[in-house]
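Multiple structures follow.
Common to both upcoming complexes is chain A, partnered first by chain B, then by chain C.
The block that comes next holds the complex of A and B.
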């Protein structure tokens, strides 16, 4: 008996992690231990040490009313429930609280996340694998317990598996009542569907959604409870045939005070961090209230807040004078941090440290300038850069201006227009800006792109008259050969990198049309790296 | 500990009733659908003839529950003369699954060996053959087609084969279609409709008086040894007082005005019973009031209450663009409005873009085009999914909404 408990520990530890789905925990458990005992009915429990309701309530600040509401709806042992729909924004504790409550109540669940089970078949197989206590391993060739593609097969298998599990629960309840030592697990079993909002985007969502919402009526088994967890509200599940609505349980976003309580947990110096939140939390909550975003954004700011302190904020309780000093120190950085709140750094941690050193030395103006003049984050060939600039110009400029912009003089006609800004030109400029704002970059055929590209390359290389005459022929010779080679392959590489998009083919011309979505800033960076005068070719300038 | 036991048992009993459709729809009056349906099917069984009936009514009105009760009664009266085949349009709307399921249930019913590898033709011919055999043996097969309108989409081969087989003089079958679409028979093709008798049973939601009777039926405890006598009597007296209370009736009317189906009422009862205080062991009017407020949700208003200030600013800018009768707008035009309207405390463009994406995820705004591959988020046209009144209400309900923003909205509204 002791050996069994020892063997099951790694699986329970893995299972208690709130963020992992049952399928993932199955794989992790299988990877950790070479040879595991066969699964039993106890593996449907969340596992872990017993936890009291008060512990759960104190673990989740601001959630006591929601926790009590879920407990009341789950009801006493062996009490049937109508389907529940738990919804709220991201990072509001829905999944964590549900799993911790089932750990507290010690009742069997079948947990499936519609993110890891990303289509109908995988969801069906995951549920049946758990109910049939099946673990995929090398012995069975990593196959599922049942193969079912049709909903009708799934419901038949599901009803059969649930009946077996419920009968086993009733038998084990009789045994347990004789022993009177362990806590009762009852004969109810709960199917939990997490990240349920993702089902709306599945291929067969118009049939799978009514099926899952009506699963309670289809099964007609009072011992089965259904719980849907979604980050969008019930009204976003559109259906033209209707279904009986589950009971809604709403998890509102955290208030600012709740967020303060949550962020204060696990902080070494509570008072210092509290004074830091006094000056920063309100500003950041104006942008977003999601805990994960706030936690990531405030962490580097807190480190900067603690810089003047000798011990980096480990043990000292701040007095009024120290608070004023720290406030003066951090104030200039709050505004810039606000605008960095959603950025995901692409630098490695080592480079981040180097950047920190550089930032300490330079002043604010240098920071702004260096960010503006920042080099490209990627490397492409010179030919691809010219091709990218050509695509940008082809998308942004109307085709009617090509003749004047891309002649052999290299855009000199543009200067004439600058001297005579007539009223019509001004109106056209505003109309074009509005159109660009609304419709975005236009599409262009391949021929136009290649023509612009050839013109830019010719201007860049300043070819002699002899080479120009050679270009009149079909073959490409001389110095232009370097940049012009493999231009179609470069184009397909840019398409694969999502710098250029290939659109639908035009039914009349029969050729592909392309579009580029790079921003003007990126185009300017590319042009600057080539020392190319991009602004001369932009119509707006 | 003993006291806790019978109070918990009371909660479990009430919850079991609410979750049991058969307990709710027991109604033996001659005018009820229960009696009518029982008479129709019973006549078909005794007179050895075919029949087809449509049960129509909104969702939650008890079509399936009443049918199950009738079948239960008939199986007691004619144990050897009835077989029941149950299909559901959500599972068996394609003909292959339907015929396979009929074959599977026929094999289970008659202890025959079911072959999963049987083909479509094998299964359909098997069904026709079994209908003949059962007819010769004076046995009636009852086909229950739940979500009947889903069977009517597609080629309707199941319906045609089934109703065509019933044309023969030897078969005895009753086809029961259950649907929430009143035009379910209009969906049938001509060849199928001509073989379908147009008997319909309408299931209507109960009146307010019937709902009150149903409440008494659902919420009172039996006076028998399973509960202490004085507890059960006091419990039922309190329930009677609650149901007769004027304030409670107002709440109930408000709730049922939205949807008066029985299942909608059961959701309300489930929430109220779940909140029963286990210390006192009695239901209170407060349980029902809290249940009412918790089950009546306003998701858009909840979303707005959760929005950050930046997200609210973006919504107000979109509303301003809408008021200017700018039909299409995208992130770029919203940003243009944002920069011209809000002069203080402006955020970087990419921060606004992420807030914009949060609004899309919350479904307060949505894309209006279907193609999404080639255009980046900034250029895709979007529209608001909330009305001006909702936005007004949301701004006032949001605790952190600055008064400046509210004034801006008032000026436009």
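The block that comes next holds the complex of A and C.
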């Protein structure tokens, strides 16, 4: 009975506000009452104007079978359901269709996204806030309805809150059926977990995942339905506990025809846009089939497509000659637009065009510069450049070739002469070289790096360099000591800059191994800036 | 002729390192023979007997070493001048430099507070050092403030509850009227085992960069500069490098390393166990970790071998009893585990380390 009074209060206030005469003070009071009105059961509905099932099916081309499948699983009013697992790639309409269906069915839901609720506590509190009709504001210090950290507390609070909501739904259903002929909302409530694949990374001990899958068994309430929405398939959710298997509903990727129909919606000039899609959609679908990427990429291209038209494509129906002219106009821009599908541009459409033109010029300049000068994008000292080249050679070349490549004195005295390689040996050598390249850079000890560095520096010392002399002046007095400590400091700096990677945290305990991942192009640039013949030292067949 | 001879000599010396490296690599790969001797074949003696014999060794060239140490005294004014100008002193060279640095501090740094860090110790609590430094500066600030009758600063007194960042910020921003005041931090073996992780070195660099802190340190490892990049060495530490070979034996520093030739010493240190375990495979380390965690949870009893096998199978660390036995044999050979008879006659595995040492080993393995 007390709850009835609580439920009735907003309605009485609303009626008295409506029935009062239109005066300033009453309007202000009514406004305040409206702003401060607490949440009600109806706030659990999706809201908006009623929408029919046919409207949903026509709004989502290519999804009629999935929509009908979900409707069939949800069943008629007040029917219990098994948990649903809706999965498919990104931008396949999973969340939109679920929300629109609940708008059509006019049933209460509690929607939580595991992306905005990024850990266990926030997810619990978000669900309980919605069920307890709690809104964070300055009055309550932006606090949650319940402080909930442990899964066991969450289950208890959830059961209590769900029981209250369901009882209120039943009572309000009786009231509504007595007073109005409005559509019923039933006494079922649905918990929707969106972006559910993110839950897998939350907890090392993996307690949250079995908990959510087990909610069906833990709550054991026929009035509660569970819906999981995920971009990965159910078999990627590993759990060593048993639970009721959710019913999988798969949303496959859109076909090209579906994408065409989706993109054609809300277009002013259907025929013109259709002719635009004829020339561009096939190329773009080869890159990606995600609707949001395609929509963002095609929008500036369509504006450029409409540039030759006088009215910017508002009402003209294109004929064959006009189509050919527009095609000739748009063709040069399709290729560059394809490369920018996944780039996010925060500029306006006008600035996008200006930026594209500038970028084209910039590309030409960069090409010319790289061909002529081979300039580096960063500045390091000469010895650091030699150190970087030494690291590249140490990673790239096998260690067995060090003596022949770097030791100018000839190595051991009793070295045998090499025989001429036969054809089979030649082929085997080439195969080994390719395998070595595909494996990626190898690791090397510090001593090998320093030995190679010393050889390279001694080779380059013949033309004396002022920068080199300046480097010698730094650090410790005396040539040999200064070289060693300064080189070690530069090696640490290159490691911090992520040019060279070291294996363990302590550099002088155990045998430290290093690795460099710079590309051959970068190494060639560095060598060219030093006038160092890098290709002579690279391992070739 | 002299010029040519010098040039050739320099060239040969310069190539010596790389040539020796390549030659050693080539010989190592070519020669297939391996030594058949084992370390266990050496007759080992008691540790105390070994230390007694070592203490009886008479050093040579005592007079020359004394002259060398006396010659360094003439450099003391230069060192104190460099400290006043804001540099950090870094001593390197052959031989122990502990006596030299302590003599410098006791004769030239009497006007300043000096905090000594012995880096050759296995474990060092750097936060306690920073708290001690903060207390020295706090006392200095209080003494000066009383004279000028100003309000005490709003920041709280340094305590253990403050974080390292707060303490370092306080040290860097402490306002002291005396322009020449500083606190000297003497670090013996800044490359010692207690200070080798990169986080500690970063804290030391930030400490050295504080306005009222000066650092005098020594290094002994040949690759010690690998701890620092250019910014740390030239800006934060602001090192002045001094080559001061003393040729004095590392008596104090060497005491904290396990003696290989000693027989039946006390329980192994963290260092020895860590070195052995880091050279094993990842699975072997995980097996040892299971044993260690069990021993930390149940200090009195050892872990039965059957229980260890079950846990290792659950975690996919071993596939059969033979594999587990090979790991255990490896541990036994390095004296990492011992087998005891339980009261019910079952074989139990026991790690002969204290709980504290075992926790450190587990931390090192991770």
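A few comments on the model shown:
Keep this in mind: the second predicted complex is superposed on the first by the 306 of 541 C-alpha atoms of A that agree within 3 Å, B and C clash if a C-alpha of one lies under 4 Å from a C-alpha of the other, contacts with A are read in each partner's own complex, and residues count from 1 in each chain.
By our rule, a residue touches a chain if its C-beta (ideal position, glycine included) is under 8 Å from a C-beta of that chain, and two chains touch if they have at least 3 such contacts.
Quick caveat: nothing in here was measured; it's all calculated off a predicted structure.
Of the two partner chains placed around the shared chain by superposition, chain B is the only one that A:338 touches, whereas chain C remains out of contact. With both structures placed on the common chain, the touch criterion links A:490 to chain C but leaves chain B unconnected. Contacts of A:40 after superposition on the shared chain: neither chain B nor chain C is touched. When the two structures are aligned on the shared chain, A:167 is found in touch with neither chain B nor chain C. Of the two partner chains placed by superposition, only chain C is touched by A:402; chain B is not.
By the touch criterion defined above, A:454 reaches chain C but does not reach chain B. Residues 69, 72-73, 75-76, 78-82, 87, 89, 150-152, 155-156, 207, 210-211, 214, 217-218, 222, 231-236, 241-245, 247-248, 250, 252-253, 255-256, 285-289, 338-339, 341-343, 437-441, 501, 503, 515, 517 of chain A are the ones touching chain B in the complex. For chain B in complex with chain A, the residues that touch the partner chain are 8, 11-12, 15-16, 18-20, 59-60, 64, 88, 90-92, 97, 100-101, 104, 149, 180, 263, 266-267, 270-271, 274-275, 294-295, 297, 299-300, 302-303, 305-306, 308-311, 328-330, 332-333, 336, 345, 347-348, 350-351, 354-355, 358, 361-363, 373-376, 378-379, 381, 399-400. Chain A meets chain C in the complex at residues 399-400, 402-403, 406-409, 411-412, 446-448, 450-452, 454-455, 458, 475-478, 480-481, 484-486, 488-493, 495-496, 505-510, 512.
Residue ranges of chain C in contact with chain A, taken from their complex: 13-15, 17-19, 21-23, 25-27, 29, 191, 196-198, 221-233, 241, 243, 275, 278.
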